[in-house]
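These notes open a run of structures that come right after.
Look for subunit A in each of the two complexes below; its partner is subunit B in the first and subunit C in the second.
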Partner chain A sequence: MKHFSLMIRNLTRRPGRTTSLILLTASLAMSLFCGTIVVSSLRRGLSSMENRLGADIIVVPAEAESKASMKNLLLQGTIGTFYMDASVLEKVRETEGVERASAQIFLSSMKADCCSVKVQIIGFDPENDFVVQPWIAESLNHQLGNMEVVVGCRVETDVGNNFRIYDRSCRVVAKLASTGTGLDTAVYCNMNTIHILLQAAEEKGITHKIDSGNDSEVVSAIYVRVLPGADPGLVNNRLNGRVRKATAIRTAGMMTEVADSLNGVSRIIAILICAVWVLALIILFIVFSMMVNERRRELAVYRLLGMSRKMLSGMILKETALCSFTGALCGTVLGAIIVFPFTTLIETSLKLPYLIPDAGTIVLYACFAIMVTALVGCAAGSRTASGLSRVDPGTTLREGA
Partner chain B sequence: MQLKAENISRRYFRKHGEANYFEAVRQVSLTLESGKLTVLNGKSGSGKTTLLNMLAGLLNPSEGKVFLDETDLYALEDKALSRMRNEKIGVIPQGRSAVDTLSVYENILLPGMLYGRTLRTEEAENWMEVFGISDLRNAMPAELSGGELRRMAIARTLTASPEVILADEPTGDLDNDNTIVVLTALQQAAKAGKTVLVVSHETDAEAYADRIYHMNHGMIE
Partner chain C sequence: MKKNIFCGILLVLAAVIVIGSVTVLGPCIHEDGSEAPCTSAGRAVLCVGCVLAALAVLILFIRKPSVRMILFFSSLCAAAAGIALPGTIFPLCRMDTMHCRAVMKPAMIILFASELIVSVCGIIVERNKIRREKV
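Moving on, here comes the complex of A and B:
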């Protein structure tokens, strides 16, 4: 039995002290790991949303409460079923500064059709689309056929299944990777399919008609890409002046709002992490200071029996390191148990795009949290180790004899 | 082995009083021979424990030197001095000197554990038997009385079998029967060639002594 066994005995036979040290370091690691994961997921979600939007301007019906409805649809998967005259598309295309324009038609499924909740069905034109097609291509290697659908990662079905929407059967041909946005709960199909589904919805009494149009003459949103070198702000103003009963929204503005919200949330999380750390560090130093007095006599015995100062401080440091590492490991695992199963809840509560980092990055963050916490624990313990190794054994053992 | 103090003094600084320091030990020279049991007596506060701590390599003298044979203890680095204390000098201090997280048996074997030496288990069993603490082998120090803890500390020192044994009030917590057992054991150690110093303010140990010193106001008379 050498120092390691002594160390283990010291730790296991003082369960209260050891547990409190482990709990404190665990709280440090947990707050750091969870905070890092949440902030990182928000940043990743924002980045994913930027990539997925792929448009400079979105034109939506004026009555759709424009920006708010579109943002909610993109961020939270809130169902949006607003329509405008399809002729708006041509007017948009003819507007100076517009390079490409592609329409989408939105439809909401009925709750009982496929899923436990309503899903947003988005019809797009594969020939003109530049928004959805590029990332559908990541999961599907052929053109989307009639009555074929591609589903977001959070739609409860699998590739190859038949998916019933308004009593029409659609085949799921691909499932998209997570985007961390509301688009994860959407279902994508081509224009022919969406028109069939619109008709089917009509038969169920769900109308999507505008005042003077028919099924084939409506669109929900038009995604616009401006010409290289063109000022998106100017093109946006032109579109607002040109199209009636519709509003052009700059996606940059929408993204800025999201980014501002994200920065606000990140700041709050950073403050919370700091508060937890300050509190835990104060308690940690108090615990270590109490330990100095509690262990003075015990360590004086070790000195008396021939342990050098270096051996003694080494033993205390190793004890601290073992507690800190165990605490950091437990805290990180606990953090993972809390933060990952509740991803949807966090996403819903924050109302921001939220995309969990990949496994490699998560492991990296976990290692970071464990390392930083263990080092901080050791740094706090080193003061104690240094103080205790200078204990005068003769005087200490005589005190309170 | 010979343990020799040459004109050692120990001063403690203090704020109050006529001088700004207090001299606990003054210019003491002393030689402890192997094979002899030396008793150092004196009143409480006469400087006996301070002198013992300096002889044990635990307290640096303000002046003077301490030699273990030819080795100047305080010229050694902490690492070498600690090792020497572990191997050559056994100290039985006043008061509780148990590691509370170790059992009685583990406490007795502790000096050997620190440097990974072969544990002297037979000696440990023997001394526990001699001092009547065999039944307490697996007990934790918190469960022991003052007298039992004292016997455990003495058993620990004798189990390690160092060349020099320095005992500070070893019979302070003991009844008459156990006092006789302990002093007899220390006398036998001296007869076996060890250098033994017993510090006491009582007269019990004097009957076992080969040499007696008296200490008063920090000086040996």
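Moving on, here comes the complex of A and C:
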């Protein structure tokens, strides 16, 4: 206890030095914690997107593919309103190698309907769907009825509330869990509801007409699952050859693109963390070597008062450990304050799927950041501690006289 | 200098709130000029920020610890109200990805929470001063 109070007094006597040590270790811990959280969130977002996509091929109108609408819709929730003739669905189902095919219709809400932004409304067929239905089933225990909607976790409304789209009132029956993708901002309904809403949109002057075919029978995208053992690339080529004015996109290709972007971002973050660590470590070593000269006389007096070398180096190490631990704790807390409230901002800036890890993993990362930083701080201080403990008290005090 | 450190921080934070609420930390802006649902929250944040700045300036010029403590307590109340302004007292846009929810709300909660912590520190310091004066 006596040693502890001496240690605290030593630290508080030099507030500038102590604060700078704490700030340095805080920056180390913050960079490590924030970097780890961002990279792991990106990885979790990618795996969530892979799980949720559930289809091997997506067939969209040619115009949609040229605008890269499907990828933007999935990643950023960009509104995609493109249509093709509903007869395409039958053609897709008849294609060799196709196991299941399910259509979706996209519609955009008006700004004034619910929010100050447009919302993507996705109509799907619950009976044939294999993409949306499995994860809607996690939140809803009955079949989605007419004028009932399921909202993504980022649409600010609660279950039981009414949601007005084109002056038609829809009841929110479930809210989906977070996916970290653009689908979190979408509203899902069945085919009957989407047709009523398409009609309502047309009454408001928003048309979804296509160049040819029956205007009331339209689809936006067809999700395809290939037969087990079938080559998705071959089926994709078959679909591209068979279906006119539409393009089949392999989801694997889309995922590879996303994974490449994610690797790029992860690499940049890793380089930044390394740069911060190298800089901070250099500064830490400089600070500690300056401390050797600064405290030479002070420690010589301790030696004269009867402190052994071991006790002296132990005291310096404890001081360093206390500073490093405090800094690491402050840095991790500061990192949490920066990373967690601004999750949406980070996600929209990176334009990649981003899903924060669960609480247990976050605590684990925080402990890891604190431990590593505190250990590095102690390692940097141990050299100084051994150097200072070897100080000859007589020579040092005579030098200063 | 040392006795004004807390009101100095209070003033700086209030300035960040005021300037931020009309620039990068403000509510959503519609391209068509129409008013977003979060505009009122932005205005309220600006007002509370101005009140906090005024309180900080008053604390800076007043020397009496009891009055300073009351002013710190007022800034604590204003900061607590500020935390509840975006989203709880005043509505925000109903989409998580909107600027008001992604930037304004978290930034203002952090800034007002910092104001609250600084005000508590100020109250403790002033209370200790009053006790010492009594002794």
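We take it that the second predicted complex is superposed on the first by the 393 of 401 C-alpha atoms of A that agree within 3 Å, B and C clash if a C-alpha of one lies under 4 Å from a C-alpha of the other, contacts with A are read in each partner's own complex, and residues count from 1 in each chain.
Assume a residue touches a chain if its C-beta (ideal position, glycine included) is under 8 Å from a C-beta of that chain, and two chains touch if they have at least 3 such contacts.
In this text the structure is predicted, and so the values were computed from the model without any measurement.
Engineer: Who does A:Leu345 touch here: subunit B (first), subunit C (second), both, or neither?
Structural biologist: Second partner only.
Engineer: Now for A:Arg238: first (subunit B), second (subunit C), both, or neither, which partner does it touch?
Structural biologist: neither
Engineer: In the superposed arrangement, which partner chain does A:Ile337 touch: subunit B (first), subunit C (second), both, or neither?
Structural biologist: second
Engineer: Does the superposition put A:Thr157 against subunit B (first), subunit C (second), both, or neither?
Structural biologist: In the superposition, A:Thr157 contacts subunit C only.
Engineer: Give one of first, second, both or neither to describe whether A:Arg225 is in contact with subunit B, with subunit C, with both, or with none.
Structural biologist: neither
Engineer: Based on the superposed arrangement, let me know which partner A:Pro393 touches: subunit B (first), subunit C (second), both, or neither?
Structural biologist: first
Engineer: Once the structures are superposed on A, label A:Lys310 by its partner contacts, choosing first (subunit B), second (subunit C), both or neither.
Structural biologist: first
Engineer: If you stack the two complexes on chain A, which partner ends up touching A:Thr185: first (subunit B), second (subunit C), both, or neither?
Structural biologist: Touch status of A:Thr185: second partner only.
Engineer: Which one hits more subunit A residues, subunit B or subunit C?
Structural biologist: So, of the two partners, B touches more residues of subunit A.
Engineer: Provide the residue numbers of subunit B that touch subunit A in the complex, in ascending order.
Structural biologist: Touching subunit A: residues 49-50, 52-53, 56, 58-59, 78-79, 81-87, 91, 93-102, 106, 110-111, 113-116, 119, 140, 156 of subunit B.
Engineer: In the complex formed with subunit B, which residues of subunit A make contact?
Structural biologist: Counting only subunit A, the residues touching subunit B are 1-3, 5-6, 9-10, 13-14, 297-298, 301-311, 392-395, 397-401.
Engineer: In their complex, what parts of subunit A are in touch with subunit C?
Structural biologist: It is residues 77, 111, 114-117, 119, 153-157, 184-185, 337, 341-342, 344-345, 348 of subunit A that touch subunit C.
Engineer: For subunit C, which residues count as touching subunit A in their complex?
Structural biologist: Going through subunit C, the ones touching subunit A are 28, 30, 36-38, 92-98, 101-103, 106-107, 109-110.
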